[in-house]
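Which chain is which? They are A, B and C, in the order written, and residues in each are numbered from 1.
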Amino acid sequence: MDVLIAARQVSKSFGGVRALHQADFELRAGEVHAVVGQNGAGKSTLIRILSGALLADAGQTFYEERPVHLASPKVAQNMGIATVYQDPLVYPDLNAVENIFMGRELRDRVGNIDWRAQQERAVQLFAELGIAPTFLFEPVGRLSIGLQQLVLIAKALSYASRVIILDEPTAILTQGETERLFQVIRRLRGAQLGVIYISHRLEEIFTIADRVTVMKDGEVRGTFEVQAISRDDLIDLMAGQVARAEMQAGRRIEEVILAVDGLTVPPRVREVTFDLRRGEVLGMFGLVGSGRTDIAHALFGITRPVRGTMTLDGRPLTFHDPWQALEQGIAYLPEDRKAQGLFLRLPVRFDLSVAILRWLRGFLGIVNAAQEERNGRDLVAALEIRTPNLETLTNALSGGNQQKVLLGRWLARRPKILILDEPTRGVDVAAKEEIHERIFQLAASGVAVIVISSELPEIMKVSDRILIMHEGQVAAILNRAAATSEALLRAATGERHEYARAPA
Amino acid sequence: MNSFLRFIATDRPRFLILVLALAFVVFALTTAEFATLYNVFNMTQYGVEIGLLALGETLVIISGGGSIDLSVGSMLSLSGVFMGLLTMRVGINVWLAALLGILSGGLLGAINALFVTRIGIPALIVTLGTLYAYASAALVLTNTVPISGLPEHLFVLGQSKVLGVPFQVLMIFIPVALVLHVALRRTIFGRNLHAVGTNEVAARFAAINVGAVRFWVFTLAGLLAGLAAVVMTSRVASARPDAGVGYELQAITIAVLGGTSILGGEGTVLGTILGVLVITVLSNGLQLASINPIWQLGAVGIVLVVTVLLNQWLARRGLRLA
Amino acid sequence: MRALPLERTPQPGVLRARGIALIRSREATVVAFIVVLGMFLEAVTGRFLAPTNLANVLLNSAGTATVALGMTLVILTGGIDVSVGSMLGVAAVAVGYASAAGWGLGPLVLVGLTVGGLLGLVNGALIGFGGVMPVIATLGTLNILRALTFQLLRAKWISDLPPTLRDLGLGLALGVPISAWVALAMTLVFVYLTTRRPLGRHIYAIGGNIEAARLAGIDLTRALLFVYTATGMLVGITALMYVGQTGIVQSNTGSGFELQVIAAVVLGGTSIMGGRGTVVGSVLGALLVAEIKNGLILLNISGLAEGMVSGVLILLAVGADLLRLRGKRP
């Protein structure tokens, strides 16, 4: 039973936030080894270390029992570790044969590319996977994602890879494509390769995997034979025992402000129906790709739904862009604050005022500097943002303070509905507390808040009701009382519940 | 060496003033008529036209996302031709024609803007196409013959003095520069422009209309080209169909020299003005030294390449542009 | 092993035909345009299909087609070279002086290739090593080289050249201009390069997905140096054709040439974003551009309008490509 790849006591932190702590992992030849855990549990950090995309802070990686230094993805690839990401790294205008052999072309004696040999070899590789490649000459960009994945797996074989890492491979596959992928994986296993399979779809894991490693909070909770563990046990391990947070003293939840009915947003979100009340905190929970952010984007006017209605205070909403959404009183704090939210190379003052510039306007559109100053100082004080001054560039602040700046920007706008997408991701504990406090205060003042979060403790702490998404549809809406961590995870992984209506 | 590089990186304006002073001294010593009041006067006259174009180019480049305008020179030529034709062939009052000339520049810029924002063709290609299309249109409309015989009262714009300073400097360039400076630094439009150039995605998520911002900068570049055309026509007393040839190179060089980042998000009116001064001094000095005009563009080409290489080198050492 | 029911068993012959057909689609469109335009011009002027006129079109397209081969590679990597016109000027001066000094055909070819290659190498170095944006670098060299052309001519021009290059420039073989044969030969070389040599395919990879290309171990700098240098060498060959054709070198030689070349490449189906396009398409594009220029003359439209026509065509072609792509890939 040889071990193909292993990580021993591997740890990694990002700016003080612990992503991985003393994790142990090993993959055997002829095995399909699944890795499960919630978002942020450390799965992707572990995988990135094993695939050479990230260097661990501590611990050692081994390949075929030898200690190795996986300095870069190229090194890992040449060593025999291939990774297929959710977003396949392909050359869209070139065909499958070229995608497989680019950079390592098969040549003839004169140094020309031997197309015939490459074609034959490609057909061979696909045969090893049990696939008849009728798509060999089409531009890969026109193939379905499922086929693109297969091309990359064939490519991995061509590198004589022994380890194939699949990162959430079935997230956007159809049923048929998933079946086909599983058949391919079984053949790989038969050929004594090792497959690391990251997924949150527990049914699949029970179908295809031999062993499963459960991760939580950056630690490995355990590695088990799939036959020896039950779905409930897995969920328990993923969730752990989460103490129910204290109920805040009597918050008044008032009438419905937003009603969403049958919202359908391509590609995944279908028939989403829920309502939101003034003064309420509605948590949105779900695993990667469940569609929560897509709903938020539709509510904020970034994407347009193809079906369904949204009603605000009784008036139907139709917007074409975020500006109109903002005018109606809806604000959205994006998931990736660095890429989608902040203007890092500009001063804090700027980030704080960008949403309310129209209210600060003076003569001829000139921004009233004094008012802007005041806005900035008020927000810094109210949110306790730690920054040397307002002229400091935003990228100099810590993650937590950056998030507060983003929050402050939208608060200045006094929205009726505030949607927060992963508001405390990458934020230190103290700032996290402060942000939660602020959420409570907002709700108490009558604002309707939607908090999208992948963190069980957080969502259970702040929410009055929790809407759980699964594969683009609403799996359940639970009242605070019914929202145990097991219930949440069950719904998020596909078990259906009856809807819980909001309290009358 | 490192501290010198840091100096260039962090205090671009002071660096440019240094270069300007150096260039001035060099030319003053080597060329007879350079350091005369008359010549300085001439220089600033010429500088207004290229300066207006450079300001427009600066705004376009700040908007980021690869935005650049290669057609500013051709827009100048064509709107100048429009103005000339309206005056001489259609018989409109020259001042009205001037106004229409400026507006026509705006129209040309708006055409650029539409291709970039509506159809989504990269600005590089759009303005490369319009560079040739507009230049060609100017030649066709005039059959390569400059339009002259314009009424003399037009020349007050480009050839007269106010308080000892050329009219167009005091009454056109300085006000325009001031307005743009304030607009860029203090108005909502300027804020939105910086936002879009710094992080386009974040700007969209911040509910800024990215398309509108880009539309306006390209149109503004066209308006400024139209204004420059009017000034130039007034100064040289004719509307030449090839008036703007090579001006896009100068405009881009000046913007980049003045500290505008080619990636977007950064750029100042002050930096661009200093860049205008440096390039104007350079061109004028070469001209007085009896070096063929073609080397003015050649020299600017060298300045462009050296400046960008320098910026790249600085960036690699982690020193930001200021 | 039984194939899964989702795909049928492939047959190599059918697949190859399908593959080739896919590539043909854009080129076929260009050919269609060439034919239709030709028919239109013949119908309206009656002079298009005259053998001397057709020979002229071929003659005029030869230089554009030759450089378009290199420009295709440049644009495939996501770059651009607007300095080819000025490079032509400098190369023509070098060739002109050498020819005036009595050099033979062989040495002249060497001069063209070397001078052109060096100029291209400078661009390649600025872009590949210096990291300068292609448009900026070549905008700079465009102007520097134009000044250099003037400088080398010392405000005069070169004329009264020995007939060494005249055959290349104006001669016919089998009724077809020799320079067209040369362009054809170069086309074959570049077709070979882009379909059989790894470097040729790496260029497509760089434009298609630069991250994947890096991961695959492709040497970016080497590829960039190559495409710009090759373009320069092709300009050198075109300089020979040009000097042979006109017998004169002036300070504005080559001015505006870059527009024709870029128009040819864009019309021929190469995507401005990189990663997609063929050299054959660009050669067809060059034919179309020459045909359009010819059409303007036959229709008595001022030659000055060429810029408008080319500029608008570029915009229409790129725009149409973009809109079509948006339909296919959401």
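Assorted remarks:
Operating definition for what follows: a contact is a pair of C-beta atoms (placed from the backbone, for glycine too) under 8 Å apart; a residue touches a chain by one contact, two chains touch by 3 or more.
In this text the structure is predicted, and so the values were computed from the model without any measurement.
Using the contact threshold fixed earlier, the set of chains in contact with both subunit A and subunit B is C. Across A-C and B-C, the chain pair carrying more C-beta contacts is B-C. Separating the centre of subunit A from that of subunit C, both taken as means of CA atoms, is a distance of 46 Å. Chain centres here are Cα averages; for subunit B and subunit C they lie 31 Å apart.
Touching subunit B in their complex are the following residues of subunit A: 302, 321-323, 325-326, 332, 334, 339-346, 350, 353-355, 357-358, 361, 364-367, 369, 409. Against subunit B, the residues of subunit C that register as touching in their complex are 80, 82, 126, 130-133, 135-137, 139-144, 146-148, 150-151, 155, 251, 256, 259, 262, 266, 272-273, 302, 304-312, 314-315, 318-319, 322-323, 326.
Taken in their complex, subunit A has these residues touching subunit C: 73-74, 77, 89-95, 98, 102-105, 107, 111-113, 119, 123, 127, 130-139, 141-142, 176, 180, 183.
Against subunit C, in their complex, subunit B makes its touches with residues 68, 70, 115, 119-122, 124-126, 128-137, 139-140, 143-144, 246, 248-249, 252, 256, 262, 292, 294-295, 297-302, 304-305, 308-309, 312, 316.
Those residues of subunit B that touch subunit A in the shared complex are 182-183, 186-189, 191-192, 194-195, 198-199, 201-209, 265-266.
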